[in-house]
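Following this line, the structures themselves.
Both complexes below contain chain A, partnered by chain B and then by chain C.
Right, the complex of A and B next:
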């Protein structure tokens, strides 16, 4: 396994995940992806062990791949009517 | 000849579209039963109700949305990897078989079992049927008695009813007012010819968690196989088949953010428990459940189990906090709210509340923007109060006004606040119309009134 990711690599992954999260057409999935990303990065902030940090980084990368693909799938089949939560907020 | 006549008739009807619905109705009830769902960007109209947006979903016990990570694992097996996992002669079969076996391991890890003890089925209902009818049919010469509880899921109760018609004896254990099984009563009910004890782990309507380890210990003491329906428990509460001494366990995919139409049966190998198959055929799943294993569904189920294992702590904490937010939000604004079932031994994602002095159906109709249920989805069409609540000894009027709030992985704080707001508004509105609530506020004990009818 590779060495620990640099600070800028981590921040870039974090930003990419949040950006992809915002692309989900589904209200619940979008909110969940944002929340889960923020919480995961907060939990892993103090990972000092190099191998652990590298593993967490690799996991985040693979999750970014999943999110990118699924954001597309969700957009292809998005219902015309949005969630009641989005209508009242706008 | 006859088939030729039918086919020409059908062809003729298709050419005349105006007559098709009338002529086809006797053959196709499905087409006639589908109600039009008008969906425009301005809102949805269905069953005469117009809603401006899709309701917020709080019915996780009925089913849960598929997690995008689960769908991501499934999709390849709907596209290029379509092989039959039982095909032994080509790559398509091998890759599917590998995927199925990987899923089997993912599921068994979550419940601390061996992959060899997992049998794929169509869902928890089928697993329950195999467990109850299959075990009793297999051991029918010596074992003639089954113990279950009054609050089980319908498919367990109906399987037991079926056995009763065949001459088996069933004990339906009553539950305490908190919904938990009385362990002493269970112990007393066990007989030398008891072939199975079946108690569900987490109740689907009220969410109480039964004392599995204690029940397992009693079953071990008397050497009776122990079956549990863990459809609502899997991935939400820790399950260890060894600690709980479980012989058979029913699992479901769509309750844990997996696909619908897939489930599993855990069957202990040591000491070995045997069942008579309900379906005969190609001998898949070691002959216990013949029929091609649906690779995409099974892969999704496995992915859902692995996710559940990773996320159990995170989801658990969050769902617990949301449950407190919901309960405190409602209790802070209105009185006469009762939690059905034990408050200590329960799964937080299932909050079953009864509202005094309101009519249940009116409350549910008024909550069209919140997708909740009065209890089990299987019986939500009937106006009868839930048999589970009646088994708890809940009064008829309170059993009629129960609402089950199901909180899940994708529920947000804003949704909970919205649900609180809508529920409170509706309850207040209904109580304003209720003469009973007025009498209660004047200090009249409703129960002491002698109604002239009844």
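Right, the complex of A and C next:
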């Protein structure tokens, strides 16, 4: 199908996903996005099969698109009250 | 860019305080204002703000290298996969700490958050050891 992504492409996708995660105003979604990308990339590290790697990469890219769009939507309806986890602990 | 004289919280905030006594020398100010006209009053303001600016431009906006090093060390040590006892000031992420490239990316992201920076991908890929990280952040003009 597609060719396997290069190392730098994978790292670039990883970084983009983490950067997009930061844009979320909602604490829960932000943490989930970070957690999920780390878990997914780590699980797929060992994939040596070209087709599988390409499929995982394509999946990652579409998820990046989803995250970016959702970040915009979430920001439109962001509540004013912050989550308890974001309040600085004294 | 925030004006540098508002930077009194980083480093010695003493400078802005020192300027007050000379300004509050009421005798001089009063005579200048009621006095000879626009030129004198304007000059007072100019010298005041000139000294103000002079004192604040000599104030180093940059973070202290030691402070940068300490904060970077803290970030690395609080990364869950890192064994804090192995962290030395010249540690290499992949060779010494046994991390992989994904971990390096995560650490650079954590450093970005700590120092409120945006590190472009090309530069971030080069940061793979503690001294490089400290060097980059110390030389970055926007680090805080």
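Simple rule for what comes next: the second predicted complex is superposed on the first by the 87 of 90 C-alpha atoms of A that agree within 3 Å, B and C clash if a C-alpha of one lies under 4 Å from a C-alpha of the other, contacts with A are read in each partner's own complex, and residues count from 1 in each chain.
Keep in mind that, in the parts below, a contact is a pair of C-beta atoms (placed from the backbone, for glycine too) under 8 Å apart; a residue touches a chain by one contact, two chains touch by 3 or more.
Small disclaimer: the values here were computed from a predicted structure and weren't measured.
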- Task: Specify the outcome, clash or fit, for chain B and chain C once both structures are aligned onto chain A.
- Result: fit
- Touching partner for A:69 - first (chain B), second (chain C), both, neither: first
- Message: Contact-wise, after the overlay, does A:14 reach chain B, chain C, both or neither (first, second, both, neither)?
- Response: second
- Name the chain, either chain B or chain C, that contacts more residues of chain A. B
- Query: What is the value, to the nearest 10 degrees, of the angle subtended at the Cα centroid of chain A by the Cα centroids of chain B and chain C?
  - Reply: 120
- Looking at the overlay, what does A:31 touch: chain B (first), chain C (second), both, or neither? first
- Query: Counting only touches as set out at the top, which of chain B and chain C does A:39 meet: first, second, both, neither?
  - Reply: first
- Would you sort A:81 into first (chain B), second (chain C), both or neither based on which partner it touches? first
- Query: On the overlay, how many Å separate the closest CA atoms of chain B and chain C?
  - Reply: 13
- Query: In the superposed view, which residues of chain A touch chain B and also chain C?
  - Reply: none
- Spell out the residues on chain A that touch chain B in their complex, using ranges where they run on. 24, 28-29, 31-33, 36, 39, 63, 66-67, 69-70, 73-74, 79-89
- Enumerate the contact residues on chain A facing chain C in the complex. 7-8, 11-12, 14-15, 18-19, 22, 38, 41-42, 45
- Seen from chain B, its contact residues with chain A in the complex are 39-41, 43-44, 51-57, 65, 68-69, 71-72, 75, 314, 369, 409-412, 414-415, 418
- Item | Parts of chain C lying in touch with chain A, wherever the complex brings them together | 100-102, 105-106, 109, 113, 121, 124-125
